[in-house]
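Residue numbering begins at 1 within each chain, and the chains themselves are lettered A, B, C and D in the order written.
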Amino acid sequence: MPDDFKIPTLGESRYDSPVRISTFMPENDRFLFDISETSILKKIQSGEPMVTLERAGPREKIFFNPESTRAAIVTCGGLCPGINNVIRSITLELLMQYKILSVAGYRYGLKGIADSSIASVPLTPGSVSGISEKGGSILGSSRGPQKISGMIKRLVEDRIQILFIIGGDGSMRAAEFIYEELAKSKISIAIIAIPKTIDNDLNFISKSFGFQTACSKAVESIQCAHAESLGYENGIGIVKVMGRHSGAIAASATISSHEVNFCLIPEVPFVLQGRGGLFEALEKRLHERGHIVIVIAEGAAQDLIPHDGETDPSGNIKLADAGIWLREQIDAYFKKKKIQVTIKYIDPSYIIRSVPANPDDALFCTILGQYAVHAAMAGRTGMVIGQWNHFFAHLPIKAVIQERKTVNRNGSIWSSVIQATGQNIS
Amino acid sequence: MPDDFKIPTLGESRYDSPVRISTFMPENDRFLFDISETSILKKIQSGEPMVTLERAGPREKIFFNPESTRAAIVTCGGLCPGINNVIRSITLELLMQYKILSVAGYRYGLKGIADSSIASVPLTPGSVSGISEKGGSILGSSRGPQKISGMIKRLVEDRIQILFIIGGDGSMRAAEFIYEELAKSKISIAIIAIPKTIDNDLNFISKSFGFQTACSKAVESIQCAHAESLGYENGIGIVKVMGRHSGAIAASATISSHEVNFCLIPEVPFVLQGRGGLFEALEKRLHERGHIVIVIAEGAAQDLIPHDGETDPSGNIKLADAGIWLREQIDAYFKKKKIQVTIKYIDPSYIIRSVPANPDDALFCTILGQYAVHAAMAGRTGMVIGQWNHFFAHLPIKAVIQERKTVNRNGSIWSSVIQATGQNIS
Amino acid sequence: MPDDFKIPTLGESRYDSPVRISTFMPENDRFLFDISETSILKKIQSGEPMVTLERAGPREKIFFNPESTRAAIVTCGGLCPGINNVIRSITLELLMQYKILSVAGYRYGLKGIADSSIASVPLTPGSVSGISEKGGSILGSSRGPQKISGMIKRLVEDRIQILFIIGGDGSMRAAEFIYEELAKSKISIAIIAIPKTIDNDLNFISKSFGFQTACSKAVESIQCAHAESLGYENGIGIVKVMGRHSGAIAASATISSHEVNFCLIPEVPFVLQGRGGLFEALEKRLHERGHIVIVIAEGAAQDLIPHDGETDPSGNIKLADAGIWLREQIDAYFKKKKIQVTIKYIDPSYIIRSVPANPDDALFCTILGQYAVHAAMAGRTGMVIGQWNHFFAHLPIKAVIQERKTVNRNGSIWSSVIQATGQNIS
Amino acid sequence: MPDDFKIPTLGESRYDSPVRISTFMPENDRFLFDISETSILKKIQSGEPMVTLERAGPREKIFFNPESTRAAIVTCGGLCPGINNVIRSITLELLMQYKILSVAGYRYGLKGIADSSIASVPLTPGSVSGISEKGGSILGSSRGPQKISGMIKRLVEDRIQILFIIGGDGSMRAAEFIYEELAKSKISIAIIAIPKTIDNDLNFISKSFGFQTACSKAVESIQCAHAESLGYENGIGIVKVMGRHSGAIAASATISSHEVNFCLIPEVPFVLQGRGGLFEALEKRLHERGHIVIVIAEGAAQDLIPHDGETDPSGNIKLADAGIWLREQIDAYFKKKKIQVTIKYIDPSYIIRSVPANPDDALFCTILGQYAVHAAMAGRTGMVIGQWNHFFAHLPIKAVIQERKTVNRNGSIWSSVIQATGQNIS
């Protein structure tokens, strides 16, 4: 097993788990990462080690003594359906099953840890009751980096032994830094990350919470764009969906909705002009069918849009707004061609990310939170909880942040998009 | 009875209604427009005539001979939930109850009448089946005026005897011109308008179809803005809703949602700066509660926004975009004050107007369509079908277009808004 | 004005209203009950007085001194969408606008007043926050009569000056008894009823809260019944909806849904056997179209079903279950006829009445609660708050309970049902 | 590789796939069934072969010549969300991507194949447009066995080369018989089953279509039961959900909803009386919290309910109705104990299974249909298309029907149920 997928632990698990359950997960149960027969045979022949992942689940022996354990939760970055469900699940699992001492919630992201003037709030069964029915995060969030030393100081002062960080790419990097610094200083605080990315673009994470809810809401906007496109002669409906680096929402919503004619994502470049260009295809479609629905991920077409390399508070390069740009390009093209079109542009971003989790995401968030707690109580740290090959796994933060997951343009999802849209551009 | 509310008729009703019904509406049943005791007593004393409206409903004797009657439907202006329900109801009532010869649908608004190269589509029980579950208009729409003479020529050529115009303010004016021109030329074509205004701003029309559905969808966006505003320190969520001249959607959605702190509409001016200004109130609220939700109608604050008087194809003055403007003003104010805020701006316009009608609007559209047909078959023309004081009425187009209905700032709806938001600006 | 519609008052209004509003409702503003021109002329000729209703709204002078006023709310009978919205609106209006001393909620209906061992709960802005998003009643409910004297004793002991009773037919009768007893004993407690009837069957109340939400949910069940009926050869889907004495939900849901072939309600008797009977019509439809959707109100066909006259705790005669009975009758008929049919029976009752109010009902409940408070603070008592001819009115409880509103089989709603279903039975 | 998981083929794939795609699935790509490291090591040591499954996906060479290929689809058994989506996906994939000759739909299940007097319907892009928005099956369904020979005769007469059977356990057995009979007779008709089980109880099928939608709808009913239980003193809400042999829906809906106190499923027996019995636990909960929500799968408690072993047309043993039984038991218990309770019973079965697929199921059905077509065109037969370990796979029908998948009472889902409900019965 390559070292990369080993999960750090804080020490020996000496306490009996108080969780009332008939079957515990064996301490080091692992499962195969790559399960294709061809790959396995190749690795067996070459003697190369196979990657396995540690299975998540309740352990019989735990590291922390519940009676004296204080935990905290923080939520970072943009909103995403299901954050409150995860907060609720972690809180209830810690207090009702493990019966630990207390759970605190830091306000407004990492800033609320670093800035000790921002008081944390106690999380109790009462205070998390009913929060799952609400979108957003009851703790609030923020973007941008904070001083690692300041955060560690606060955690130590507050005598926190477990910190759950619900956040995306940037927060995972912060989590990794905190973990490494703690490890160097030999401070026994467990750092457990719960991956939050509405774009579903995290490495080794086959499904991120909120993604399905987001896709469902995107489908509603697509249906509106369809109605608008049919409502006028040469009607063109454009829906911009989230997805800075991954077209996962765009692709899924396109397949679910049946009404999209062009799906444009960061992973699959296209050209506007000439043979095989978007303009030619749009004109052909208007000629044949009289209306068009386009879904575009916000990070699409970045090679075509001139921009200046600004960055946001989290250090992400500021992408040009692909949706607005596309609307302008199409408008200009048809104006020049003297073809009268009616373009309706829909940008549902905040409506998609601020809604409550749907029941399937609610279930997923509940289990994710429970597994995060099991991992923490068993003394794991520097890790992310996630799902892979249908199992829940412990993943080293390092592995998750090393690169981004994207839509494979030769894979089955994109192939379904091509079949659903019939789009033929390059 | 003042002449203004007399409904023109094409002639004597000589045919028996084929509608299978036990009780018909008496030929000239009317009801009181102003039902306040004080007003009535005043009019009785002064001898001033009381305004009454003709009640809608199936008449026992009808003007048109069903066997030889051809009708047509056209949909104009912006989309609105329920258009397809009205099309369906009119079509089924004409074909199934009155058993007329045929119903045609003109495509893409008045343009599709004026331009004889655009073929109309036959409307049948089959072709309207299932259309109510879809947003938009199966006939398509367009904006802007067309030559009256060209439209009349087309109607005559197509041997249309009844034209149903589903449209807003602008289309009603066109309908009135067509009616007057037909009357002058003594051509017996009935012109029946079905008022479509998502803003609910038509005179003498207490409730327009689609309005409720629109408000329901606006509430969803407000809930998202609320989640966003709570999601960040000093979070400000702004939702822009439709309403060029009337804040009806803004006001209703505000009362329904419970989460709005400021509701800004065209009918109630406000100032930004100084005592009683919006900025002061926003700052106070952030200080006390840490988050704000604002709903603004698109036509609000026009006296504060500099603009150039452009007009759209329908001849409406192009309003400045109040939402974008407000976001910029607030952003600038807090930047200057060095107070860090996070503003999230939601513009759900097309998502609101392109959804299918909800069940209550579906019922309302069905009945509206049935009454429009009853009026037409009874030989009424130059009229609008609408609801007033809980009854369905025949209203002269002239009366409806003479001025716009607005939110009364001394009335009960605005009073409920003030109580719901607690807003205290002037 | 006939005495019947005069609203009792507790005494002179001497206090200035603290409500921050620009225009108050004139003290005795009234509006016409019957607004048909024909009726009015007839009454003018005969000298018969016209019925007018007192308009609801905030009065400039009020009876109760806010500083020392204690109010209470109780919810009775079956659940209905919007109860929590009304509780919330009354509470906020009393505390935030009128700034009265306190609001208490009695638990579990009238039983919770009569039984002084059941503690009431304080209602505050905090405790009513978010309750509108939940179905049911946060106070709980119960059925059946309680001793009037016991209830009055409790109210006096608790020093309650205003009691808001949210309830149906039975609770209104109780409210009237309490009011009369208080009047006799000259105790100045205002009794204000908020009519709750999911069946929309109260006299002089054109629209009851929750009714629209109920109809929307019923439509969902009808769509399922339609899918089921199409899913099998000779498929028959039956949906039973609420409506003991009124087919209002059945009729409205039928018109909204477009898929119902037979709508059976208490107001319109029918026969099963022979010419014009239901069986003949069902067989004909199966022969022609292969599937049937039937909607039946629970109180339909009571003349056809043998039953024993039992009563429920509220004293209502126990109706036979029309839905189950119909399923059995149809099943037996086709078995006898050796025609294979597949019957799917859907009884969505609790799913319909326990959901949260939709945005339109939310708005209606908010305003209803505000008007109830205005009436109470102005010293009105023995009255019901309701909507008639589009205005909100004060109605004497006596008038409301004297008879039940039903679907008029010669009216427009039933006529729309006939046209929507095409049903031809008698 | 054990023989059991080998997929039968009709012969050599000699035609080039016309599917416009960049990357085809290698002909015999397989993946591991059991991916736990411990199991793999054990098998390597013991020399026991590892089970692998054939991956689904488009093959570069196909068996059928599209130009002359006729396919048919049949839908069997109970309704389930998503059937129409699968019909649509198969039809479009066959006609638009593989451009085969024709697709027919047999009406009303296997009966519509066996009975040649029931005409099939042609399926075209036009006829499947918009069907995904509707629940049910546009082809209709039926239950019960049909003569294999009759069905094969019909298929041969109709010159069908591929038959897609969308159905559950019983239909799979029929599919296996048809396949075996065809193999014996050396008739080259591909038999491809698409597993339809709203209960998610098929072996080797980790997720069946419609299951998520069903769970979402079940959650709505649970929320209503919760409102009802809170609405009365000692309120008890009981929701019966589908699940004859598997409590999958009950368990998932319980975890998603957060409001369930007892979840009763077939896999986990319980007792009513005595220590650790349900009654004791109910009484305790009423005493402590005053209300209870119970979810019970229809097939639960069969060991406790006396019944007579009747069977339905498909040969399934008729289960006693666990929901009604439970209601009666609880009612009797508390009556005997003289504790007044209010029980509300909700049976949402048809409402759950007849709704349209939600967006996530829509996506899943689309891909499932596409993969079914790829398998068929590549000459596979006697197989089921399904998902396992996150991959789509070809599974021998035989393997799928050999036993039923159930909720593992020692597994993570049931463990989450226990933690979510806190239930402590045995």
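Keep this in mind: contacts are C-beta pairs under 8 Å (C-beta built on N, C-alpha and C of every residue); 3 or more make two chains touch, one makes a residue touch a chain.
Note that the coordinates shown come from a computational prediction; the quantities given were computed from them, not determined experimentally.
**Q** If you take the chains that touch chain B and keep only those that also touch chain D, what is left?
**A** Of all the chains present, those in contact with both chain B and chain D are A, C.
**Q** Can you give the shortest number of steps from chain B to chain C, where adjacent chains in the path must touch?
**A** Each step joins two touching chains, and the minimum needed here is 1.
**Q** Of all chains present, which has the mean Cα position farthest from that of chain D?
**A** Most distant chain from chain D: B.
**Q** Go ahead and note the Å separation of the Cα centroids belonging to chain C and chain D.
**A** Using C-alpha averages as centres, the distance is 42 Å.
**Q** Once you find the CA centre of chain A and the CA centre of chain C, what distance in Å lies between them?
**A** Roughly 46 Å separates the two chain centres.
**Q** Could you put a whole-Å number on the gap between the CA centroids of chain A and chain D?
**A** Using C-alpha averages as centres, the distance is 29 Å.
**Q** Which residues of chain D are in contact with two or more other chains?
**A** Residues of chain D touching two or more partner chains: there are none.
**Q** Within the complex, which stretch of chain C touches chain D?
**A** Going by the criterion above, the answer is residues 79, 107-108, 111, 134-138, 140-142, 220-221, 223-228, 230-233, 235, 237, 344-348, 350-351, 354-355.
**Q** Under the touch definition given earlier, write down the residues of chain B that touch chain C in their complex.
**A** The touching residues are 19-23, 26, 29-32, 35-38, 40, 52, 55, 57-58, 88, 92-93, 96-97, 132, 206, 212, 215-216, 219, 252-253, 255-258, 358-360, 362-363, 366-367, 370, 388-392, 409-412, 415-416, 418-420, 422, 424.
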